[in-house]
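Take a look at the structures listed below.
In the two assemblies presented below, chain A is common to both, partnered first by chain B and then by chain C.
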Partner chain A sequence: MLETEGLTKSFKGKKAVEGVSLYLDKGESVGLLGPNGAGKSTTISMISTLARPTSGDVRLNGKSVVKDPSAMRSVLGVVPQEIALYEELTAHENLQFFGQIYGLSGKPLETAIQHVLKLVGLEDRQKETVKTYSGGMKRRVNIAAAMMHKPDVIIMDEPTVGIDPQSRSYILEMVRRLNKEEGLTVLYTSHYMEEVERLCDRVYIMDHGSIIASGTKDELKRILSGEETVWIELDRAYPELFAELKMNEHIIQAAETEKGIKLIIPKGKRMLAEIFQLAERHQAQILNVNVQTPSLEDVFLHLTGRKLRD
Partner chain B sequence: MWAFLKKDILVLLRDRTELAVLLLMPFILIVILGFSLRGLMAGNTEALNMQVALVQNDDEQAGITEFTEQLETLELQEQTVAGMAAAAEQASPFRTLQMMLASPELAEMISVEEMGAAAARDALEEEEVVAILTIPENFTRLALDKMLLGTGPGTELALTIEDTTSTRADVFETLISDFARALNFETAASRVAAEEGISLEGQGAMELGGLETTSSGEPVDSFQYYTLGIAVMFVLFVSANVAGNTNVERNRHVFDRIMLSNRHPFMYLGGKAISAAMIAFTQLFILFFLSTLVLQAFEWDSLNFWLGMALVSAMLSLCAGALAAFLTTLTVRLNSDAITTVFSGGIVTIFAFLGGSFIPLTGMPDIIQELGNWTPNGASLTAFLQWVQQRDLAAVTDPLVRIGGTAAVLFALSLALFPVKGAN
Partner chain C sequence: MISVFLLQWQRFRRAPFMVLSFLTLSVVFIGVMAGANTGNSLTIPAYADASLSETQQAEWLTELNRSDNLSFVLVSEGEARQDVVDGDSRMALQLLADDYRLLVVADDPARFEVESYINQVYIRELRIRELEEQSAAVDVRERLDGMLEEPAMTVSTASLDGGEDTFVYDGQLQMLFGMSLFFSVYTILFSLMKIVEEKQFGTWNRLILSPLKKWQIYLGHMAYSFSVGYLQIVLVILLFKYLFNFDVGNQFGLLLLITAVYTFSIVALGMLVMGLVRTPQQLQAVVPILATGMAMIGGAFWPIELVSNNILLAISKVLPMTYGLDALKSVSIYGEGLAALYEPLSIMLLIGVVLMGVGINAMERKA
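Showing the complex of A and B:
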């Protein structure tokens, strides 16, 4: 339904996005994962026709939309990372304005407003100005505004940034319902791994402006199928212990965490005894040890050598 | 287009700070400037009202009689003697001075009271009068000798002022100086004419002093002037405000949302222009209404007058809309809010000065007056003043054409420069 081929965007000679190719099938929910500055927002701007690619193409149903963006715009809803609303207006007035510029008027306009307000659970607060809303409520109206013209595809650029867990959960559930129940095609960008794991069928991982891996969640995790993650919870930080573990030839990757140390080791390699011995030698107090199969976070760490929120 | 208009108006109405800047501040300025500078405006002389003491040490009639008797002792033709006697009777300097002070324009502000020298001195010290005008002994006789015969030492009026910094005393001193200068000039001219055998009869009496007016129409008082001057200046802030919202819309990515709606970008631009025009018209209406209600700046009952005001307001509002579109275009094109900041922070002030919003341009160099007439606010102020003074549509045609022309140019530039693709 929607595909990009070799999308590249340069600013003053510097490539922000380079050779991004991806596709979305109808009704799919696809995640675009990457740390801040990875090029996700620039990619989205090009897909949504707001920025012209330096090179490459964006195609909707096989037809390029770079030169004629109107076909894409009529079926596309974009939820930007920013609260793209008039804070001085009420939710109803905002939705009325965005509905009107999409050509809605009269009863269909009011019906659409009430439909999206119900979708985001703000029917009761629709007459209040947006600036009086909480961060979560603003994000919900932000999504509602993108839904006014009943788009087939919705692109969400980190729609849960900076909100409380309850609102975040509400939004995630709403996106899931939009995709599963209403058949909306979703491109969801985030640097929250758990959101993408929860919502998306397939994932593209971006870093430094390029896609470094893609596939279903299981396909990606299979990258680390020969590995397992060991979490060691310590009573405090032990830099010497961490340094020694990092130097160990059998340990694939070692990272310090808030509570201790995270290790990626070859699956089946019996290393726990060795780890305990090392801890003993450094007089480190181990509070807990947890061995996990890999997550997308681990995949990302494996691929980029850094955490998503770095 | 209606959606853009409604949105812009609602956003403005909800922004109390901006509303205060656009409505309250100009009205406060009108009141302050109107009151503080009303003495300097023609048509409003109340602030210059003054009491003046006159100390009369001269016997005018005796002076005329002495002069006439003296003529008969000179070797002059009978006809000349008769003419000079008549001139002395009619053009006595003191009588001329009295006539000047009694003229309708001056009588409104100067009240002259004849006093004895001591009483006048006391009155001056008590600040009951701003000046003492003393007519010296033999003033008439000596003045007539000098004026008509060119003989004798002449004479001088004595003006005593206590507070030399007083505007009113200054005005009175200027009046008396002008009177003396004119009298001297007339004397010299008469003598030269007599020597050259030229008759000055029928040339009309020389005007002594009087009020200078800036036009041939009704004088404009300070409240009228500043209502119009400040209103046309603040219309420029409407353009800056509406265009400034563009940058807010860009920063909040609302602009992107609008571009994604597939609406032609000119709809957005047109919305800005119409919003600014309607807000400017409403602003002008409210300021004129308030000034008329609170300051009695204009009359209520003339429909014709208000139709003319509405016509000029509509043209100015149109220009404000075009200016908003132009500023919007530059803001989008340069992707910067510096345009509206520089405009509202500096250019409006320059335009206001050039256009005469702060002080009337009469007396300014021609180049400033000419430049002012090419600013939207300056041309509008001229149109408004012409209409208030003359109520003649022909008199406002020229400035209205300038405003319309400026609007057309600004709007054409906006259409040519606005990025229609909406993508960067």
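Showing the complex of A and C:
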């Protein structure tokens, strides 16, 4: 349905995005994962026709939309990272305006407003000004505004940034329903791994402006099928122990966590005895040891050498 | 375009404070400054030192008090100075044998009118005295008065636009037009600031992704800023015309036309400014400097005819405010018709078109 080929964007000679190729099938929910500055927002700007690529192409149903963006714009809804609303107006007035600019009026307009308000669960508070809303409610109106013209594809650029867990959960469930029940094609960017794991069928991982891996969640996790993750919970930080583990030739990745150390080691490699010996030598007190199969977060760490929120 | 235009009015309805505050400021400033500029009851304390005898002081006062609008009262120097310091009098006059000093505590626009009058009285009196000294006749003053009462020939001089060296100063209209045009700059530029805000807060991208064309979005914003600025000027003029009986002449239609062209040129100037600034905060810093500078050089605070600096005069030639005020005063004070307005209106339109083109281009380059 929607595909990009070799998308590249340069600013003053510096490439912010380089050679991004991806596709979305109708009704799919696709995640675009990457840390801050990876080039996700620039990629989205090009796909949504807000920015013209330096090179490459964006195609909708096989037809390029770079030169003539109107076909894309009529089927596309974009939820920007910022709260793109008129805060002095009510939710109803905002939606009324965003419906009007798509040519809606009269009863169809009011029906569309009530439909999207129901989707985001704000029918009861539609007559209140947006500036009085909580962060989560503003985010929901932000999504509703992108839904007014009943788009086929919706692009969401980190729609849950800066909101409480309850609102976040509400929005995620809402996006899931839009995708599964309303058949909307979703391109979802986030740097919250758990959101992408929960919502998306396929994932593209971006770093430094390029896609470094892609596939279904299982396919990506299979990258680490020969590895496993060991979580070591310690009573406090032990920098010397961490440094020694990091230097160990059998340990693929080592990262300090809030509670201790996380290691990625070859599957089947019996390393626990060695780890305990090292801890003993550094007089480190181990509180808990947990061996897990890899998550997407581990895949990301493996591919980029850094955590998503770095 | 209509939906963007109506949206701005809807936003104005929810947050009218900014526009209403500039409207109120216009009214207050004009009321205070022009009300004090009517000249009907302006009393000026005058004083002299020992170099002038009581008779000489009385003679000067008699000459000065021939005015219908000004009243000069002889007081002691200390009293006159104290009156000015306390704000009881706006200025005081020191009488000298063949000269004078005007004591003004603040830059009062009325001083132009007062000084111009005193200057005329002194020049006339000193000429008569010189004539008396050089003439053998003893009754020069009486003969001169007699001749002036029954002149051999009457020469009437009329000037349509004030000419090179003379102009008609109407304090009320100067303040009315000057202040209303000045405060409209704030209203228009701050209204256009919504474009910068939309770009900063992301709503602009929503509009771009909609079926609206970019020119429709710009036009919607410009139409709103134009209408709000235009209404502000017209409301202020109507208020002072009908409520305070300001004589703005009998060609109100022409005043509306001039105001419309002036407002268009300021909207265009605003578009240029929007193209140059990046954030609303930058704009808030730029607008007062621009508006005040333009008002000072363009003749909103005092008549441009009083400015003699060639550089300032050259700058004033590229400011819409100069032409707006000139055209408004031509119609109201000199009773000029449409034919005399072709030049100022054309220049304002030209400035408007050029600034708008450059401004939109700058905005698009920045995007």
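Note that the second predicted complex is superposed on the first by the 310 of 310 C-alpha atoms of A that agree within 3 Å, B and C clash if a C-alpha of one lies under 4 Å from a C-alpha of the other, contacts with A are read in each partner's own complex, and residues count from 1 in each chain.
Following the convention adopted for this analysis, contacts are C-beta pairs under 8 Å (C-beta built on N, C-alpha and C of every residue); 3 or more make two chains touch, one makes a residue touch a chain.
What you are looking at is a predicted structure, and each value in this text was computed from that prediction instead of being measured.
Asker: Following the superposition defined at the top, how do chain B and chain C come out on chain A, clash or fit?
Answerer: By the criteria stated at the top, chain C and chain B clash after superposition.
Asker: Return first, second, both or neither, reflecting whether A:102 touches chain B, chain C, both chains, or no partner chain.
Answerer: Once the two structures are laid over each other on A, A:102 reaches both partners.
Asker: Is A:84 touching anything from chain B or chain C once the two structures are fitted on A? First, second, both or neither.
Answerer: both
Asker: By the touch definition at the top of the document, which applies to A:206: first (chain B), second (chain C), both, or neither?
Answerer: Neither chain B nor chain C is touched by A:206.
Asker: One more residue to check, A:49. First (chain B), second (chain C), both or neither?
Answerer: both
Asker: Quick one: is A:30 in contact with chain B, with chain C, with both, or with neither? Answer first, second, both or neither.
Answerer: A:30 sits against neither chain B nor chain C.
Asker: Kindly classify A:145 by the partners it touches after superposition: chain B alone (first), chain C alone (second), both, or neither?
Answerer: In the superposition, A:145 contacts both chain B and chain C.
Asker: Tell me which region of chain B runs into chain C after superposition, given the options 43-51, 61-69 or 79-87.
Answerer: Among 43-51, 61-69 or 79-87, the clash with chain C belongs to 43-51.
Asker: Touching chain B in one complex and chain C in the other: list those residues of chain A.
Answerer: Dual-contact residues (chain A): 48-50, 70, 73-74, 76, 78, 80, 82-86, 88-89, 93, 97-98, 100-102, 129, 145-146.
Asker: In the complex, go through chain A and note every residue touching chain B.
Answerer: 48-52, 69-70, 73-74, 76, 78, 80, 82-89, 93, 96-98, 100-102, 129, 145-146, 149
Asker: For the complex, which residues does chain B have touching chain A?
Answerer: Interface residues on the chain B side: 2-4, 6-7, 10-11, 14-15, 251-254, 256-263, 267, 421-424.
Asker: For the complex, give me every residue of chain C touching chain A.
Answerer: 3-4, 7, 10-11, 14-15, 201-203, 205-212
Asker: For chain A, which residues are in contact with chain C within the complex?
Answerer: Answer in residue numbers: 48-50, 70, 73-74, 76, 78, 80-86, 88-89, 93, 97-98, 100-103, 129, 145-146.
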